[in-house]
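Two complexes follow with chain A in common, the first pairing it with chain B and the second with chain C.
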Partner chain A sequence: MAQVFRERANLFMRLGLLGLAILPGSLGLLGFSYYRSSAYTGVGRYVEQPVPFSHRHHAGELGIDCRYCHTGVEKAAFADLPPTETCMTCHSQIWTNAAMLAPVRKSLADNRPLRWQRVTSLPDYVYFDHSVHVSNGVGCSSCHGDVAAMPLMAKAEPMTMGWCLDCHRDPAAKLRPEEAIFDMRWQPPADQPAKGRALLAHYGTRAEHLTDCSVCHR
Partner chain B sequence: MRRAIILRPAAAVLVASALAGCREDMEVQPKLTAYSSAAAFDQNMAARQPPTGTLDREALEREAALGRPPAPSEALIRRGAERYKIACTPCHGEAGLGDGIVVQRGFPQPPAFTEPRLLAADASHVVDVITHGWGVMYPYENRVAPADRWAIALYVRALQLAQTGKDAADPAPAQAVQR
Partner chain C sequence: MSAVAAPLHVEANASPPRLLPPDATYGEVTDIVASGMERRFGRVWWIALGVSLVGTIVMLASIWTLLSEGIGVWGNNAIAVWGFDVGNYVWWIGIGNAGTLISSMLLLTRQRWRAAINRYAEAMTLFAAALAGLYPLLHLGRPWYAYWLAPYPNTMDLWPQWRSPLVWDMVAIASYLIFSALFWYTGLIPDFATLRDRSRGFRQVVYGVLALGWQGSSRQWKHYKSFYTAMAALGVPLVVSLHSVVGLDYAATLMPGWQETIFPPYFVVGAMFSGFAMVVTLTVPIRWGLGLQRVITAEHLDAMGKFILFGALVMGLSYALEWFNAWYGGNDVERDLVLFQFTGAHAWLYWTMLACNCAVPQLLWWPAARRSAALLLATSVAVNIGMWLERLLINIDTLTHGHLPARWGFYVPTVWDWTLFGGSLSLFTLLFLLFTRFVPAVSIHELRELARQEGAAR
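Up next, the complex of A and B:
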């Protein structure tokens, strides 16, 4: 009887076995790198908005305080997005004919709110609160990046559970004094470890509970 | 005995498949949050307008706070300075001269707070302007809480005193501030 396989088949067999051995690992690696990549987490992603609102222009160049528009950020879970009336406080008098602002004027005329699309959004099973962070030494830019330099709002951080926990395990490394909360360019100073410990005491934060599941999943 | 051996796994499979049918997407839950849209409501908004004639429980207290100037204190002036910087500087400028950045970009110029008419006005005039607006200035009723309106009014008075130089000479700055 003639042989079913030629001699070369041995080589293919070995290569195949090697491939089989590597496959799970490389698939895992591929999956992991996708999971960490911005394609999955959306870091750097822009969203189409009804009006191309520029934070660089308003918060950066004009220097308007975040709280002028995001009125709830210090006292509530939600930061608040500005209603049409807030835009019209200024745009009733300036850039009144700009085509870019036509949806804002239409919204005022029809009494229909603008529909801002969300850039950062957590799943519904996660509990988040702005005021507890903002009034206890965590600044906007630790989570949203340098907003005042963004022509269009882009997601700056992955906002995954691992990312939240990175800070909750060691908040002292990121804590700022009150006057730096709205500073978009804040960087930890050289003596942050000592400053951070002092700030933990200053804000009365009990960091040991921050990694309990029930803090974020209630 | 024999029967139980067959029935138990069968029941387990049945329960498991029934539970699988109950799967609910926890990521997008059927609840309304601050920015949800809700087709059943006006304008597709989850946030509802209260029916006309509704008074919220704190409305009376808020109304009363507007008519009741708080006692001036350093903490109140500091609060006023902070709120002034957030809500008013874009137009009125840091020192209240009416030279804010938005005015430099073409917004009508507000009067300086040191104008004689405004120096003579009561602090409650500033509170009124914040609540109801003035000319081309929009009301800030929804953006500045009543207590903060008094704090800002106090800070505006402090700016006026600082700029007219009466601060040091005035024998009773507290009354001047309260006026």
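Up next, the complex of A and C:
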């Protein structure tokens, strides 16, 4: 009886079986890498704004305190974006005719707020609260990076749930004293483990409850 | 050694009934099965195919409605959160359990009559288990998030809740489906080779690829036998664990009528019982449609009838134990639930279930009833209906009559429940009709082995 297949068919069959084994694994690995890469999380991505506001200039070179513009950060869930009037406390006096600031003047004249674009966005089912972090030893730069060095605002951290849990499972590693909260260049000191434990007690934080679902989700 | 020493075991099968025609050769046995699928299929097959195709389209429409409108189109409500969806899942997975259980247990216990029924019993398993898997997916409401049940390394650092029986369920069904498909396919390899050698052209190439280069050499048979037996040995505990997990879906809750230690074994027996009944329900038309009366004999019907009778007895005992434990446990809620089962809103269904599962199979004490295709078919259809009622009542009786009288309610299936269930029966039939057309419904190589064992082969 004649052969049904040529000899080469064996090769194709084996390649096919190999592919069946490799393909799902590779797809899994691809997904695993993609959802952790900055292509997906947006880490380091600059966001186009109506006015190219420079945090490096204002917070870094001029040394304006974060809370001058983000007034709610110690008291409320939302850190607040400044109204146009806050910009105008200075820019009604200096750079009054700068072309770059035309949208700010128009906003004031039309009584319409500037439409700042979000850089860090969390899903709606995450009830993040700025005040509870800032008043319990978590500094701005722990999540937002060294803002004072950023000409345009870029996302500094992936803001995935796993990233949140890194701290919520081990808060002592990142806690700071009150005077260092707004320090953009703060780095953990050598004795951070001991200091962190002392700070947990100081702030009265019950670390064992920080991973309860209802801490972030309702 | 004394010549009068008692034999170690009684040779009950010293002259077992013959299962094949007296002088069947390998070629004849092959022809009986292969000609059944190679000849032109009659009008009945085409009509059945058309009807089941229409039913399948109705099922797709029902699923489409469910996905676009939401779970609210079903009869499920805030009290009866599990209705047709979970009941039908348990019914189908029970049927899906039996094929592999029957096939591997009979192989391990060397029951010769297995050769004629194992192939389509395994196909039944595969189709039923796949349909069973469909129900929990749809029950999720948003099936596209089903992967949340799987432990995959996500950026949320979230892991499934391993204490939840629903997660065990997902793992159990998935492993079972993979196993059943592999077990079925392994058994088919030598038969695909037979079909390859019998056919020409395109069919030959397709069967040739499926046969994976099978030549039937002694070396291949040696590997094949050890692999197949090892799979069967793996299969039995897998089946038992699968249906135990289904039982634990209920037993791990706190509801009356569910929180019982008897549930895992009770579910395994129920699955074997309903599955064997479905095998018989399929045997009768397959035997007639493919002209297999010479290889699926009255002896086979007789043996399967005994299994159904045994299953009915164990089920009866299980029901009695449930009633006894409700009384003996002294829990008012449990006692009240048993009373509700017998006298409440669904009492007529409960009585029908008891009649179908326990009373009707008593007919099979008579050998003549076991050997009559019509009577056996009637009994097995009754058992199928009875077991379906049991799966449904487990859900709705407990949920509509739980701990809090304020949360006693009612469950009425809607048209979308019925179309999904009817549609899944149609899809099952459709797959089975296609199976009989393209795959040997009876294992050819195991029939040849049987022919050799019966000593008539040349």
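Simple rule for what comes next: the second predicted complex is superposed on the first by the 215 of 218 C-alpha atoms of A that agree within 3 Å, B and C clash if a C-alpha of one lies under 4 Å from a C-alpha of the other, contacts with A are read in each partner's own complex, and residues count from 1 in each chain.
What we mean here is this: a residue touches a chain if its C-beta (ideal position, glycine included) is under 8 Å from a C-beta of that chain, and two chains touch if they have at least 3 such contacts.
No experiment lies behind these values; they were computed from the predicted model shown.
When the shared chain is aligned, no partner comes close enough to touch A:192: not chain B, not chain C. Considering which of chain B and chain C touches more of chain A, the answer is B. In the superposition on chain A, A:5 makes contact with chain C only, not with chain B. Looking at the shared chain after the overlay, A:54 reaches neither chain B nor chain C. In the superposed model, A:94 lies in contact with chain B only, and not with chain C. Touch criterion not met for A:131: it reaches neither chain B nor chain C. Residue contacts after overlaying the shared chain place A:120 against neither chain B nor chain C.
Once the two complexes are overlaid on the shared chain, A:68 sits against chain B while remaining clear of chain C. Once both structures are placed on chain A, no chain A residue is touched by chain B and, in the other complex, by chain C. Only residues 152-158, 196-197, 204-205, 208-209, 212-213 of chain C touch chain A when the two sit together in their complex.
Residue ranges of chain A in contact with chain B, taken from their complex: 62-65, 67-68, 71, 77-78, 81, 83, 85-86, 88-90, 92-94, 112-113, 115-116, 118, 123-125. Taken together, the chain B residues at the contact with chain A in this complex read 26-29, 31, 33-35, 37, 43, 45, 85-87, 90, 101-102, 105-108, 136, 138, 142-143.
Chain A contributes residues 1, 4-5, 10, 13, 28, 32, 35-36, 41, 158, 160-163, 165 to its touches with chain C in the complex.
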